[in-house]
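Below is the structure I would like to discuss, written out as structure tokens.
Order of writing sets the labels: A, B and C. Residues in every chain begin at 1.
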Amino acid sequence: MDVYSFLIQLLNGLQYGLLLFLVASGLTLIFGIMGIINLAHGSFYMIGAYMAFSLSSLTGSLFLAVVIGIVLSVILGIVLEWALFSHLYNRDHLEQVLLTYGLILVFEELRSLIVGNDVHGVTVPALFNWSIPLTDTLSYPVYRLFMSAVCIALAFLLWLLIAKTRLGMMIRAGASNREMVASLGLNINLVYRLVFALGVALAAFAGMIAAPVSSVYPGMGTSVLIICFVVVVIGGIGSIWGALVASLLIGLADTFGKVLIPEAAGVTVYLLMAIILLWRPEGLFRRV
Amino acid sequence: MSEAILATRGLSRRFGGLMAVNDVAIELTRGRLHAVLGPNGAGKTTLINLLSGELAASNGSIHYKGEDITRLSPDRRSRIGIGRSFQKTNIFPAFTAFENCRLAAQSREPRVASIASDAAAYPPVREAALRALDAAGLSARAEVVASALSHGEQRQLEIAMVLATAPDVLLLDEPLAGMGAEEAARMVLLLKKITPDHALLLVEHDMDAVFAVADRITVMVNGQVLESGSPEQIRASPAVRQAYLGDSG
Amino acid sequence: MNRRKIALLAVLALLALFPFAGATFYTELVTKVMILAIFALSLDLLVGYTGLVSFGHAAYYGIGAYVLGLMTPKYEAASLWLTLPAAIAVAGLAALAVGIFVVRVKGIYFIMVTLAFAQMFYFLFHDTEIGRGSDGISMNFKPTAEIGGVTPFDLGNATHVYFFVFVILILVFLFLHILLRSPFGRALQGIRSNEHRMRSLGFPVYRYKLASFAIAGALAGLAGYLSAMQFGFVNPELLSWHQSGNVLLMLILGGQGSLIGAVTGAFAFVALQEVYQSVTTHWQLLLGATIIALVIFLPGGLASVAGRFKRKLIGGPENE
């Protein structure tokens, strides 16, 4: 593999990892703060992608679609938390798993009813629809660089939130304890609702910006969910930093794995997970 | 003169910047009860966790019957004869008192291969459980579901379970916690009864109980051993009085 | 004989007589339910008695099915007596292999990694040629029960299959009943109740969990084999997370931690599925909504309703 091919794969791996981080950070946030395992988290990614498709077809602009999509996903998150997830605090894992499994079924069927089961493409916005030439034959799509930039920006904002706000302090303390949160002078219901909405929005947004690159297809929710699980297992649940490191690790391993050993595509991720389970079962960044 | 069955050397445990247990040397001898006293945060429970294997030592070593067991897992330590009771009652709430002890006794004789027989019927394990219940004074309550027992009875069950594992060493973490005077007195009698056949480590806050049963007392403050000696020595020690016993000493 | 045993025998008698009363369609339907009941029982060992919530149990179900699919020759029947033990063994070994990794973690992590490994198997069968890809395998012949020149029953006959599965269901039920009251089974229940204390008492908890995981996987493989035998084809959807989710649902419906509950849950699930499928092609929407409603409004599952009803009817405590 020459330098430029390597560079391309490196950038791809990082971009994939950063995208994963957006989704995984939502998952780990929701679990870290609220103690809920949400199997339907992948569905938000899928919903984001399908929203990007339908709304950009409707409005003709991906940008507009994303903006509307973010608003819609925040609303969705608030409604879901209020109607369903608020019942799950302090319930056992089996019940959480089942309810969110039921939710996946509902989302998948609704999507099937509303938009159908076809695979769709979303065009890259004209602004980013060009490539940076690397050699005579190789070039790198600017849109992917844009995606990575956006993810990095969001990761930075997330860091600001976690490190510099009271809400963030609570997240860092791993507080899934309602009394403790209330004692910090925060309205617990509001906090949970906002955190949940944030998680949903992050996943949906990731789906939206990924749509032009990965296309929009029915199984995308489940695929990303499984990978997110591996991210969380490797990075340690409740740890945003761990989610970032693990996401990048997986992004790179998966990308290079697919290029170097195409027959074993996708298995690198599971291999990584197996190794971590043997070596450090609590994850790389264990929350004490 | 019997030698130490369990001994530590320079035992330490660090949590970030805090030395929860610092360079502790302690010895347990068969037939003797060694009590550990100290204010809250002195590191007493951490010490027990280090000895039972729930926490790994940052430094130092633990020797049991001549062997270095510092790296052994908790279940291995239990199997070689180090039993431990918990400060916060740690039983099987949905099982009867008998089943709690039977399961504990089963750990000595798992007989995994005999998957066809009814576990509750196997005589050796059954009898070990009944003996343990009897020693703890719970024979009459054997068929009661553990969650339905009174707090004091649950503390007794806590001890009975450890006894059912026929250990050589008993690490007891505040067995009298939350007990009324009468129950505490019963527990003290129990401790006296079992001391001759075991090496006991007792962490306790109840002063009267400690001075009634201890053969040796170690006082810990801030993770370190302040003083160690006979009950009389400790009672008379000015350092201990200042650091811990205070005015009520 | 107490009332519970009488009720149990009555149900068994009903099941035994059923094929003679109804049409072949219903015989095959109840056969399908009994196979799912075996699947549910296998998961109950893990979830209800060892306390390990696995969201990837369908992997071993599917592996058992694929063993039959792969061992069945194109132009003749495979031997039941060869393929059935093989399915159980392979599924059990697969579970053992995965268990070595997943049993190291608990709670949420365990749910996630079991799902992840199950997806790995799913993709293995779906994307590679090992299982002939996403189309699966069609078997031209049902396995033959011939042994020593004698064919005691015909697995192409719906009634024979019904009783064959019925007997296996009873055997699995008895096996688990005996296992659970043995020292091994008691230890598993101790682990579910208080794993920390079990370790402190000297039990090598990892080994017990691993064994439970492997046995549960082997039994799931048995159920998968029977399913493949009944339908004559296998495809990767047998290993999908839908399947894993559905079998968990059966436990909730029937009440986990009860062998009878697992069987009841299987019946309840299929009943629900049949009703919903007759109403709309988007029946999963109804199923999903039902599950959500169940968790929110009936946290004890149908078992809590059924439990109260059962107790009024036949008396006895809620647990086995």
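The working rule: a contact is a pair of C-beta atoms (placed from the backbone, for glycine too) under 8 Å apart; a residue touches a chain by one contact, two chains touch by 3 or more.
All values derive from a computational prediction rather than experimental measurement.
**Q** Among all the other chains, which ones are in touch with both subunit A and subunit C?
**A** A chain counts here if it touches both subunit A and subunit C, and no chain qualifies.
**Q** Which chain's mean C-alpha position is nearest the mean C-alpha position of the whole protein set?
**A** Chain nearest the overall C-alpha centroid, as shown: C.
**Q** Based on CA centres, what chain would you say lies at the far end from subunit C?
**A** Of all chains, B has its centre farthest from that of subunit C.
**Q** Determine the centre-to-centre distance between subunit A and subunit C, using the mean Cα coordinates as centres, and give it in whole Å.
**A** 33
**Q** Hey, how far is the Cα centre of subunit B from the one of subunit C, in Å?
**A** 43
**Q** Between subunit A and subunit B, what distance separates the C-alpha centroids? Give it in angstrom.
**A** 48
**Q** Can you pull out the residues of subunit B that are in contact with at least two other chains?
**A** none
**Q** In the complex, go through subunit C and note every residue touching subunit B.
**A** Spelled out, the residues of subunit C in touch with subunit B are 178-179, 181-187, 190, 193-194, 196-205.
**Q** In the complex of these two chains, what residues of subunit C are touching subunit A?
**A** Going by the criterion above, the answer is residues 47, 53, 55, 101-102, 104-105, 107-109, 111-113, 115-117, 119-120, 123, 127, 241, 245, 248-249, 252, 256, 282, 284-285, 287-292, 294-296, 299.
**Q** For the complex, give me every residue of subunit B touching subunit C.
**A** So the residues of subunit B in touch with subunit C come to 52, 54, 73-75, 78-79, 84, 86, 90-95, 99, 102-104, 106-108, 110-112, 114-120, 122, 125, 161, 165.
**Q** Using the touch rule from the top, collect the residues of subunit A that touch subunit C in their complex.
**A** Subunit A residues touching subunit C: 31, 37, 39, 84, 87-88, 91, 93-95, 97-99, 101-106, 108-110, 112-113, 222, 226, 229-230, 232-233, 237, 265-267, 270, 273-274, 277-278, 281-283.
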